[in-house]
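The structure that follows is given in the form of structure tokens.
Labels run A, B, C and D following the written order; every chain starts at residue 1.
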Amino acid sequence: MTDIQQKLIATRRKFHRFPEVGFTEFITTYEIYKTLKPMDYTLYLGDDVLLRSARVGVPGKDAFLHSYKRAAEYGVPEEFLDYVKEGTTGVIATLDTGKPGPHFAARFDIDGLPITESADEDHIPKKEDFKSLHEGEMHACGHDGHITTGLFLAEYINAEKNNLKGRFTLIFQPAEESVRGAKSVVEKGWLDDVDYFFSGHLGIRNLPVGTVSAGTTDFLASSKFDVKFTGKSAHAGVEPDSGNNSLLAASAAALNLNAIARHGKGRTRINTGTLSAGSGRNVIADTAFMEIETRGETTELNHYMYKKAKTVIQAAADMYENEAEIIDMGEAPNAACSKELIETVKEAVKHNSNITDLRDTLPLGASEDVTMMMERVLEKNGKATYMLFPFALKYGHHHPKFDLDESVLHVAVSTYIDIVNWLMKNG
Amino acid sequence: MTDIQQKLIATRRKFHRFPEVGFTEFITTYEIYKTLKPMDYTLYLGDDVLLRSARVGVPGKDAFLHSYKRAAEYGVPEEFLDYVKEGTTGVIATLDTGKPGPHFAARFDIDGLPITESADEDHIPKKEDFKSLHEGEMHACGHDGHITTGLFLAEYINAEKNNLKGRFTLIFQPAEESVRGAKSVVEKGWLDDVDYFFSGHLGIRNLPVGTVSAGTTDFLASSKFDVKFTGKSAHAGVEPDSGNNSLLAASAAALNLNAIARHGKGRTRINTGTLSAGSGRNVIADTAFMEIETRGETTELNHYMYKKAKTVIQAAADMYENEAEIIDMGEAPNAACSKELIETVKEAVKHNSNITDLRDTLPLGASEDVTMMMERVLEKNGKATYMLFPFALKYGHHHPKFDLDESVLHVAVSTYIDIVNWLMKNG
Amino acid sequence: MTDIQQKLIATRRKFHRFPEVGFTEFITTYEIYKTLKPMDYTLYLGDDVLLRSARVGVPGKDAFLHSYKRAAEYGVPEEFLDYVKEGTTGVIATLDTGKPGPHFAARFDIDGLPITESADEDHIPKKEDFKSLHEGEMHACGHDGHITTGLFLAEYINAEKNNLKGRFTLIFQPAEESVRGAKSVVEKGWLDDVDYFFSGHLGIRNLPVGTVSAGTTDFLASSKFDVKFTGKSAHAGVEPDSGNNSLLAASAAALNLNAIARHGKGRTRINTGTLSAGSGRNVIADTAFMEIETRGETTELNHYMYKKAKTVIQAAADMYENEAEIIDMGEAPNAACSKELIETVKEAVKHNSNITDLRDTLPLGASEDVTMMMERVLEKNGKATYMLFPFALKYGHHHPKFDLDESVLHVAVSTYIDIVNWLMKNG
Amino acid sequence: MTDIQQKLIATRRKFHRFPEVGFTEFITTYEIYKTLKPMDYTLYLGDDVLLRSARVGVPGKDAFLHSYKRAAEYGVPEEFLDYVKEGTTGVIATLDTGKPGPHFAARFDIDGLPITESADEDHIPKKEDFKSLHEGEMHACGHDGHITTGLFLAEYINAEKNNLKGRFTLIFQPAEESVRGAKSVVEKGWLDDVDYFFSGHLGIRNLPVGTVSAGTTDFLASSKFDVKFTGKSAHAGVEPDSGNNSLLAASAAALNLNAIARHGKGRTRINTGTLSAGSGRNVIADTAFMEIETRGETTELNHYMYKKAKTVIQAAADMYENEAEIIDMGEAPNAACSKELIETVKEAVKHNSNITDLRDTLPLGASEDVTMMMERVLEKNGKATYMLFPFALKYGHHHPKFDLDESVLHVAVSTYIDIVNWLMKNG
């Protein structure tokens, strides 16, 4: 294994150990900051990274407190925690070469998932002792690898800064999961004058390491929303008839949401990810809370799911004489990669020996709030693409045994470096 | 209003302010202890009150920690908290007159409910400023009044001890809600040589203050159990097909549990009181947890519900390829009051001017773990009864606006006193 | 076995062979008519028995045609079929002794159920070869025994007519099942000047033959109604999204109807007895039809179920963007037997050696449209009671293996005869 | 309008009037036979068309009897009905030019759907008086247009037979709906030595008339199956607890079948097209019957749905203590059109002035049992394609207001004729 590969693996494993869910990436933000600090970047933190009011799906006080304590114990200094403690996480690093040239931007998402990592002995992070230290949180989507890719790209740009031209913006974005963070970065204006925008994902397609797609299709448009059912409690033994059961309203909603008819025009998704209802065993539940998302192959198909979902939820509330409140929590459009930039990537990596199978595009089949960034770049006449770096998936994304094939890291980093170099010559 | 009535109201309102759910009655236990301390009772706390291993539905560490802090802030001394901090709450007070005579025991339940009390201005505890100070907890079943009754009876017995004979045991029992605490007191042996056992409930029947029933029918037998569904998580956008959805398994269970056929032979109940499932919006839920209870007019009918419920739960798990684990959390039989003791009560209170409508029995239509105590007393050849002290119910028990008509307190206390006096003459 | 017992059994078995569901009792009506014809009764048929427009749940033309053909093949003359062919079935027989005296009326219900009788060899009607000849129809509730009781009472009254006084009305009522026929007889005025009204049921309680209750409690009030869901069809492969699925609306309704909360005040019931939906496998169903009933221990409890059911049905329709139409099909109140008449029965049968265990009342726990007749009699200042004649039930009523213990027939007939005799002396 | 167009319309409207569901196409078969009789084809009927035992989803005796009577009244001679009366419908016409050349085969499906046609005045078949005369049956998928296309192609081949070479087989296939008929024709060997196989569908895509696709993608693989639930009946008032409710088992199955997770790899479908359960309103239902289909973009995806469906059905049965029997009723694989034949079609129609927008392929998004024929042709080294002839769809296929834009008929017929002519020159 080469030296660079060993370093990539070490970095990835460091971040793998302390996954933090969206907007609570206190340790993660600090570690990214610490790595970039010695370089020549201008670093932005806290309210300089994102527009606080444009965040969606922000956790509650207890969650912030919990992460604060954990980060303090970890050793994040108090003065640093002041930047992030209310959920203004993430880092943006800019570097101006002083020479005329294009504005290159790349985005790396940094959050973990609320999943407890597998402790099976055949799960490599367990076996090789870099499993999540945070009970109930896990890098189960490969964002630890994304951070790693971003930091090594940063190192390269910094090292080569005298040979480069134009400007560089590296975005370490919080809260990609459930498409919650991108909007707040976009609203802060960071994407307003970008010429070339790149992002990408490790894994997704179950193909051999060395496969790279220069662009991506099949972003699923998505809506995220919460539902609160409010009913009436009653003694479950003495007078169950006088309650309006919120737990049953929510259960009826969950089942019938999943039963919404598939659409003839393309892929749709729905998921009630969480449900919590009721206060005590012998009380008719008078509250229920659900976190839901819909997706569609197009914005129209997502809209179909969202509209049907609202109908189902209202009817489920009526059925059990509850009130239902629907709170919108985020939305991602679908998006299209710039054809020119796909060609650019293909040209740039032509001689990359890590790449054995170069595709124009591969399908994502999921939602990504990067589409909000891409949309803004395109509106402002920039170009944008989103690349995939597949590897053989033993377990799918979001699975407790999900794991990176770490050899993909070098494929990703070398692709980004090739692109930077090519643009310096031709951009 | 008489002096005694004012004192009863003040005591009840004090306890109403700090409701604590079962086995976390740290403040409540301390306040009962403090009141009884100056009297001539022998007081028992902690592991002397109950058999720790016979408790069911014991809360988790976090709940104990939360209540510990709250009690410490309230002013409960640390050395006292050592008695109760792991859920060994409640107080038992005994007094031996030294004169031969019967062993009289009475039981008063002391726990609150996991319900947030109404803050409506027409809710008297709010208007008159003695509303629960504990967010999410409430005396919504009248146990604040039961404590009050017990303490005033204790005061009477103490004052009159030289005129009384035999022995007295006053049981301030924790965790009656969801029938969790009585068993652990019974297993400690406290009911093994009782001659006359009394307990009762304020409210229940919507009848004018002054109505008293000397006994109670229609105790519902009950089973309490938890269910854990374990499925498989997956990315809800990329490959929803590879998940085994626990949230839907639980929802299907909840609906079909309520749909279990009513029984031709009598009353049955089922309630899924709480449901919590899933970890994140865009992850197929791989866990779900439910707290369930069944009830039946007879032990046989409860058994019918419990058996059907197990069938439904297993099938719901199978339907979504989940594993289901059923954890039994408590059980109460139904019970019958001693006919002789009903007659005793009727004789004893014949001249009680607070009682305007004296009944042999009234139906409870609910479950009460006092039936475990009654069962033990009867087995040991003692006699037992359970009395009801109705008042006009504006809102049902377990409702956020439930409130005592405080004039019922004097009815209850004077009934107990009459009984003690009568037994001293005739018992 | 006595001669009378043998005759009772033979008659019952004859009727058992040709069960006919409500309002299609063409053969049954004819056979009752034929038996009564030689006696001195005035017989009423067709529109003289009932008010055609007051019937509910009348079958469709096809059902009438089917029964017409079957009856014609059986040998019922065409001119007789003209009386009944549109569902005006049943017979009323009156006899006036010419002597002053009370007006005695008794009612016997005559319809079968839409159940296919068991062909198991251990099922006595199969083994002894008197099983239903009508595929899909069965006397599974004992009305064959009720007809038999009525005919033998008729024979007794006819034989003794010179020793009797007052007037007699024997009502052989169609369509008791689903409480559909009684109203139409009541509306015709037959119950308007009755002094003593009697009816009863064989079985119901699983007690030894010889047990008789002079009255009955726990009539369940009941509402019967149909629901039509109308949605929108669509090709299930090409564009499932454009359908509004009536089959799922009905399924959601059925499940959630059964899940309506039990009532604290007493027994309730709900049953969706039939559901038919959809037209073809590859078409989204655009229609669904359900036959439903609710019951309650009191009219108020039935009303609770009916109201909740309407809420559930409307919400299920909304959930799948269907229209729901609710069509009321019949209603029965609950009722109370006259205390005096219970005493009368007890006096009358005091020396009946067939009766070994005489009760004041037993609970029915079901609905019976006889309550409409009882209600009218009581309104007009008559007296009414409903008796039960239990036997050991191997299988419950409405079960494909339900069977009478035929020795109960003599208990029932002799009870009626004792009552007639006693009333002649004392009425 | 040209003469040929008028004739096409007249023929289509004639068949539109007497739609007959699969295997009961007695009138339809007769009318096709009558039209072909005067030509020089060898005609095959009855057991010569299909292998009786390879049919799936054959209707019951009553359906055959009903259609027999209807066809006899229509004027189909008894001796002709003998060929079809047990469901051996359809016609195969062959013509051998006697000159060496390829074996050309085309297939036209002839069955209607169990849908009642709209009687709205704005529905053209109603307004112009050619609406279905068969209550409950309708040509709602355009097979009337398919028959018409086949007959006019037959007429052309017959007229031009001296200028043609090779052999022709025209298959008028019964029971395409629910993919039931093709297999029985395939098993008879009719596709075993075909060189070029063509079939197609009118409509499907909502595009202007004049659009033609030379091939089709996105055949959905499909499984058809029935489910019988068997439970236990009971009196719904007296002892609902002793029933095992089949209606609720089926309802739970229907809801949870629709809730099976969408698949990450592509389109899936599920439909419970019909459900019928229960025998009477006041009886706990002891039987339920469902007709179900699953589909998938690939055979693997269909298999996923079928497997999950079986799991859901078994669990729903267990939940209500029912037995479930699953009866397979038909299966269609997915299929791929021969690339060479797509090119052939494109060449052949190059100068067809009716075609304004020629596509290589369009997606079907549905199941078609033609895939069984295509599979057999390909196995035997022939070539096969399936063409689409879109028109502007006001209402989707299988909708009660579905209607052909009749101008599409000439597009389809002229395409087939062009293909025949081109193959004669080049094939």
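We adopt the following convention: a residue touches a chain if its C-beta (ideal position, glycine included) is under 8 Å from a C-beta of that chain, and two chains touch if they have at least 3 such contacts.
Note that the structure is a prediction, hence the values are computed from the model and not measured.
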item: Farthest-lying chain, centroid of Cα atoms versus that of chain C; value: A
item: Homomeric contact chain B-chain C: same or different residue positions, threshold half; value: same
item: Inter-chain centre distance, chain B versus chain D - centres from mean C-alpha coordinates, in Å; value: 66
item: Length of the line joining the C-alpha centres of chain C and chain D, rounded to whole Å; value: 47
item: Residue list for chain A, restricted to those that touch at least two other chains; value: 235, 237-240, 242, 245, 248, 252, 255-256, 258-259, 261-262, 264, 269, 284, 365
item: Footprint of chain A on chain D - complex, ascending; value: 255-256, 258-259, 261-262, 264, 266-269, 365
item: Sites on chain A touched by chain C in the complex; value: 235, 237-243, 245, 248, 252, 256, 259, 261-265, 284, 304, 311-312, 314-316, 318-319, 321
item: Chain B-facing residues of chain A, complex; value: 21, 57, 113-116, 136, 141, 177-178, 204, 220, 222, 224, 232-240, 242, 245, 247-248, 250-252, 254-255, 258, 269, 271-286, 288, 291-293, 295, 329, 364-367, 396-400
